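One chain, chain A, links the two complexes that follow: it is found with chain B in the first and with chain C in the second.
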Partner chain A sequence: MSARARRGAAAAALATAAPLALPAAASAHGLQGKTDLPLPTWLFSWAAAIVLIASFAALAALWPKPQLQEEHRRRIGRLPEWLDVPAGAIGIALFAVIVYAGFAGVQDEPTANLATVFVYVHFWVGMVIASVLLGNVFRSFNPWLSLARASGWVYARVRGRPWTPPLAYPAWLGCWPAVAGIIAFGWLELCYQDKTHPNIVAGLALAYAVVQLVGMTAYGAETWSRRGDAFGVYFELLSRLSVWEREDGVLYLRRPLSGAPQMPLMPGAVALLCAAIGTTSFDGFSNGSLWADSSPDLVDFFSNLGAGPQTETQWASTVGLAVAILVVSGFYRLGVRGMQTLGEGHTADELAGRFAHTLIPIAFAYAVAHYFSLLVFQGQAAGYLVSDPLGDGSNLFGTAKATIDLNVISSNTTWYVQVAALVTGHVCGLILAHDRAIALYRKSRDAVRSQYWMLVVMVGFTSLGLWLLSAVRT
Partner chain B sequence: MFVFAHAGHWIEGIIFALPVAVLVLALVWDGWKTKRRRRRRARG
Partner chain C sequence: MNTGTRWAVLGLVVVVAVVAFVIAQSGGGSSSKSTQAPATGTAVKSTTTQAAAPKVIVVRNAKAVGGVQDITVKKGDQVRFTVKSDSAQEIHVHGYDFHKNVPKNGSVSFSFPAKIDGGFVIELEGPGQQIAALKVQP
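Moving on to the complex of A and B:
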C-alpha cells in the first residue's frame, strides 16, 4: 500500500468516525465508541461533585492561611535570553513553512496538508499542554514577536537608538484585543464552513501575523504581545499553571499553582478565560446529540431569513458559540454575585477580577478533556507530515509512510482521562479560590462561606463538562 | 414546543446537573436560616 493510500485509509477511518475531517474528526469526541463503561456516565458526574465537595470541606478545615498569594520559587539556573534568538528563528521558519504548505500543498485533503493539521492540532492543542508542562514556551518561539524583536534590533543598530512606539497602550483596553482574537479563532474552528481549506488557514495565519506586527509597531512589541496577541496572552495565562518560570534569563521552579494568583488584573482577563471555556464547551456541545437534533431548527430559522445553504449553518453555529460563551460568563458571574452577598464592601467587578485566575485551571481542564483524543490521534499525523508537508507525495525524512494508529488508546481510557482532567482542574480552581478568599476576607469563616457559591460554580462547570463529553460518547 | 421535542436530552442534562441543584438548595436553605437567626438576635 502506498503512503498516500495509507494516509487515505487513515483519513477515511477518521471521516467515518466523525462528521467532519478536521478539526471535528479529531474533536475526537467523534472517535469515541459507543458507551460501554461499567457505570452510567451521570454517575461519574455525581462522583465528581462529591470529590469537589469533599475537597472543599478539606480546604476549609486544613488550609487556614494563604499559601499561594506570593510566588514561592527557587532558582534552578540560567536560561540566557540569547536562546530566544534561535528559538524565534525556528518559530519564524516554521510559520513560513506552514503558510507555504497552506498555499502550495494539496487542498482537497486537509489531513494531508501540514497547515491545517498543525494549526488546529499541534499549535492550538499541543501548545496548551506544552505551556502547562514547560512554562511559557510560546513566547520564545512566537514568530511575530520574534520578527518584531529582530526588526527592533535592526532599527536600533541603524538609527543608534531603540524604537519608540508612537502610541501609548490605553489601560482601559486591557486584553480585549486578545479576547476578540480568541473568539475569532474559536469561530473559525467551530463555525466557519471553509475552516479546513489549507489556503484559507494559511491566508488567515498571514493576516493575523500582519495585525500583530501592526499592533507591535504601534504600541511596542512587549506591550502588545502581553495584551493584544490572542495566543500570546492565552498561552501566557495557561503557563501560570506550570511549575517552571523564566524571568530575565533565569529559570525558576515555583510552588505548584503559585503562578496563577500573580495574574495581572487587567480588563478583559475574565472575558478571555470565559471565551476559552465557552469555545471549548461549544466544541463539545456541537458534537453531541442535542445539537445534532436541535440545530436544524436554527438552520431553518436562518434559511427563512434568506441565508444561503452555506451561511445558514454558519450562522446557527455562530449563535451556538455566542450562547456558550454567555452561559459560561453568566455562570461565573453568578458565583461572584453569590460571594458579594457576604458583604465586606467588595464590589462584583472587584471580586470577578480577583478570582479570575481560578478560571485558568478550568480552561486548561476543559481543553485537555475535549481535545486530548484529538492530540493523541490526529497529532500522530506529524509523523508523515514532517516528510510530506504539502501532501504531494514527497518523502523528505523517510517517514512519509507513517500512519495514524487508531488503537493507541481505547474509548474508555479517553473517558477516564477526561474525567480525571475535569476533576483535577476544578479541584485546582477550588484551591486557588479558597486561598484567595482567606487572603481577601478578614474572618476565615467569611472566607469559607464566600466560597460556597464558587463551589456551586465549580461543580456546575464539572457537570457541564461531563455532560457535554458524555453526549458525544453516545 | 422545542423543549418538549428534545425532552430526553433535557432530562439527561437535569440528571447531570442534580448535584448543582442540591448545592443551590443547600445554599438557599443556609441563607434563609442565617437570616432567621439574625432576626431573632435582633429581637433579643
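Moving on to the complex of A and C:
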C-alpha cells in the first residue's frame, strides 16, 4: 500500500465527507491494507488432530518428576546495568518523538503518522515477540521507568539519600492496576471509535506515562513497574517464556520454559492473562461472520438508546470485548474448579494462581496467531515513517518513498505460522501444567487426574483459537 | 501413572492418530482437488460467476444490497466486478489501493490481475462502508 496515494485519496474524500474522515476505522485495526484469509479446512483438521494427539501423548509420556520448578540457568556473561542508561534514553527519546508526531503530524491518514503505527504495530505486537525472543527488553527501554530512575538518581544526588516512597504498595492489589491497563488498551485498540486518531493516541500515551510516574513516585519505581505498569507487567510475564534472563547485570541462558514457573503468585495475574487472551479472541471474533450477523442487533440496541452511528458500534464492541474476557476467565475457572474436586485441600483461588503461568504460552500463541501478519505487513511502514514521521512530506533519511510489500510472505506462510503458534503454545501450556501438578499434588494419581481438567482447558483454548482463525471473513 | 495405563494411553494416541490421519486425508484430499481443479479459475462457484459475467455489486443508500459481497479468485487470475450506485461514491480496493469514482445512478467496472494474495476490503471511501470482500487464494 502506498501511504502517499492513500493520503491523496483521503484528502479527496475529505472534501465530500469531512466528519467521517477515517473510513479505515471500519476494518479490523484501522491500519491494515490486507487481512488474513480464513484457515483452510484441511489445515484446520490437521491442526486439531495434532492438538489432540499431542495432548494424549503428553499425558502418557511426560516426566514423572518435576523438571521446571527450579530455575536451571547458565551464566553467559555480563550485560552491565549501566547499559540501561543509554537504552532508557533511547526509550524516552522515542516516546517523545511518538507523542510529538501524534500531535503535530497529519491526522486524516493514520498509516502516515508514526504515532498510530508505532503504538499499535511496532510496540504492541513487536514487543510481544521481542520479549519472548530476547527476554525482558522492555524493562531496559521503558520510558516511564527510565524517567523515574533518572529522577531518583538526581534526587539522591541532591538530597544525599534515596527517595523513600510515601506509600507501601498493598499486597492485595497485586497486579490489578496492570489488568485495568491491559483492558483499557484492548478497548482503545478494538472498540474506541477514535482509536486511529494520532492526536488521541499521543494524548493517551502521555496520560498513561503520567499515571505511571505518579504510581512510581507513590509506591517506588521498582514496585510499581512490576505490579502497576500494564506494559511492564505484561511484557515481563511474556519474557518468562524466553530462554534469556538478565539479573543484576548478568545474562543467563535458562532451560526452556523454566522461567514461567518462577512467576510470583500475585492477585490479578490470572485476570491479566485472561484479559490478554480475551482481547485477542475478541479481535478475531469481531472479524468473524458470527459477530457480523449478531452485532447489528446490539448496534441497534445502542442506537435506540440514542447513540450516534459511530458510538453505537463502539458500545456494541465494548459489550463483545467484556463478554470475551469473561468467557475466557470463566473457562479457566471451570478447569480450576474441576481440579479442586480432587481434594488435597487446595482452594480454587490457590489453584488458579498456581496454574496461572500455564496461560502465558496461550496468551503468546494467541497474540502471534492474530497479529503476526499485521507486524509483517504494516510493520514495514517503519521504512517510510522514519523518514516522514509526521506524514508532512519530509524525507529525513531518503526512505520516505518506501512502500509496503504485501507479497513479502504468502497466505500459506501466515497460515502455517498461525497454526504452529497455537499448537506450540498448547504443548507448552500442557507441559507447564503437568510439571506444576506433579510438584503440587502429593499423590501422583491426583496429579494425573488434575491434568485431565487442564487438558480440557488447553484443548478448549486452542480449539477456540483455531476456530477464530478459520471463521474470519474479510 | 503405572505402566499398564501408560500403554493404554499410548494405544489410544495411536488410535486417535490413525483416525485423525484418515479424517485429515479425506479433508485434505477434497480440498486439494478443489485447489487443483481450477487451474483455469477458482472454486466452482466463483469460477462460474467470474467467467460468465463480472460480479455486480448494487449500492443503495450507501450500502451493498444483500450485505457485503464475496469475490473469490485465485492468485494470478483477473479480478472483475462492477459497482452500480444510486449515489456518487468513491470505491476503494484496499491493499491494491485502487480508487475509482462512480457517478450518481451510474456504474464503474474494475478489472485487474490478482497479484497479491490475502483478504482485501472493498469499501465506499466516503462513508467508510464495506461493500465487498475480495479474497485472493494463494
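The criterion applied here is as follows: the second predicted complex is superposed on the first by the 414 of 474 C-alpha atoms of A that agree within 3 Å, B and C clash if a C-alpha of one lies under 4 Å from a C-alpha of the other, contacts with A are read in each partner's own complex, and residues count from 1 in each chain.
Just so we're on the same page, a residue touches a chain if its C-beta (ideal position, glycine included) is under 8 Å from a C-beta of that chain, and two chains touch if they have at least 3 such contacts.
Only a predicted model underlies this, so the values are computations on that prediction, with no experimental measurement involved.
J.: Now for A:G425: first (chain B), second (chain C), both, or neither, which partner does it touch?
T.: It touches nothing on chain B or chain C.
J.: Of the two partner chains, chain B (first) and chain C (second), which one does A:L290 touch, if any: first, second, both, or neither?
T.: In the superposition, A:L290 contacts chain B only.
J.: More chain A residues touched by chain B or by chain C?
T.: C
J.: Applying the touch criterion given at the start, work out whether A:L59 contacts chain B, chain C, both or neither, answering first, second, both or neither.
T.: So A:L59 only meets chain C here.
J.: If you stack the two complexes on chain A, which partner ends up touching A:W453: first (chain B), second (chain C), both, or neither?
T.: The answer is first: A:W453 touches chain B but not chain C.
J.: Who does A:A49 touch here: chain B (first), chain C (second), both, or neither?
T.: A:A49 contacts both chain B and chain C.
J.: After the superposition on A, what does A:P177 contact: first (chain B), second (chain C), both or neither?
T.: neither
J.: With the two complexes superposed on chain A, say which partner A:S444 touches: chain B (first), chain C (second), both, or neither.
T.: So A:S444 only meets chain C here.
J.: Once the structures are superposed on A, label A:S463 by its partner contacts, choosing first (chain B), second (chain C), both or neither.
T.: A:S463 contacts chain B only, not chain C.
J.: Should A:G338 be classified as contacting the first partner (chain B), the second (chain C), both, or neither?
T.: first
J.: Just to be sure I follow: which residues of chain A are touched by chain B in one complex and then by chain C in the other one?
T.: Residues 42, 45-46, 49-50, 53, which sit in both footprints.
J.: Considering the complex alone, what residue numbers of chain B touch chain A?
T.: 2, 5-6, 9, 12-13, 15-20, 23-24, 27, 30-31
J.: What part of chain C is in contact with chain A in the complex they form?
T.: For this pair, the touching residues of chain C are 1, 6, 9-10, 12-13, 16-17, 20-21, 23-24, 27-28, 30-32, 68, 90, 92, 94-95, 97, 99, 115-121, 123-130, 133-135, 137-138.
J.: Please give the residue numbers of chain A that touch chain C in the complex, ascending.
T.: 1-2, 5-6, 9-10, 12-13, 16-17, 20, 22-27, 32-37, 40-42, 45-46, 48-50, 52-53, 56-57, 59-61, 64, 292, 406-407, 410-412, 444, 448, 472-474
J.: Would you pull the chain A residues touching chain B in the complex into a rising list?
T.: My answer: residues 42, 45-46, 49-50, 53, 289-290, 293-294, 297, 338, 341, 452-453, 455-456, 459-460, 463-464, 466-467, 470-471.
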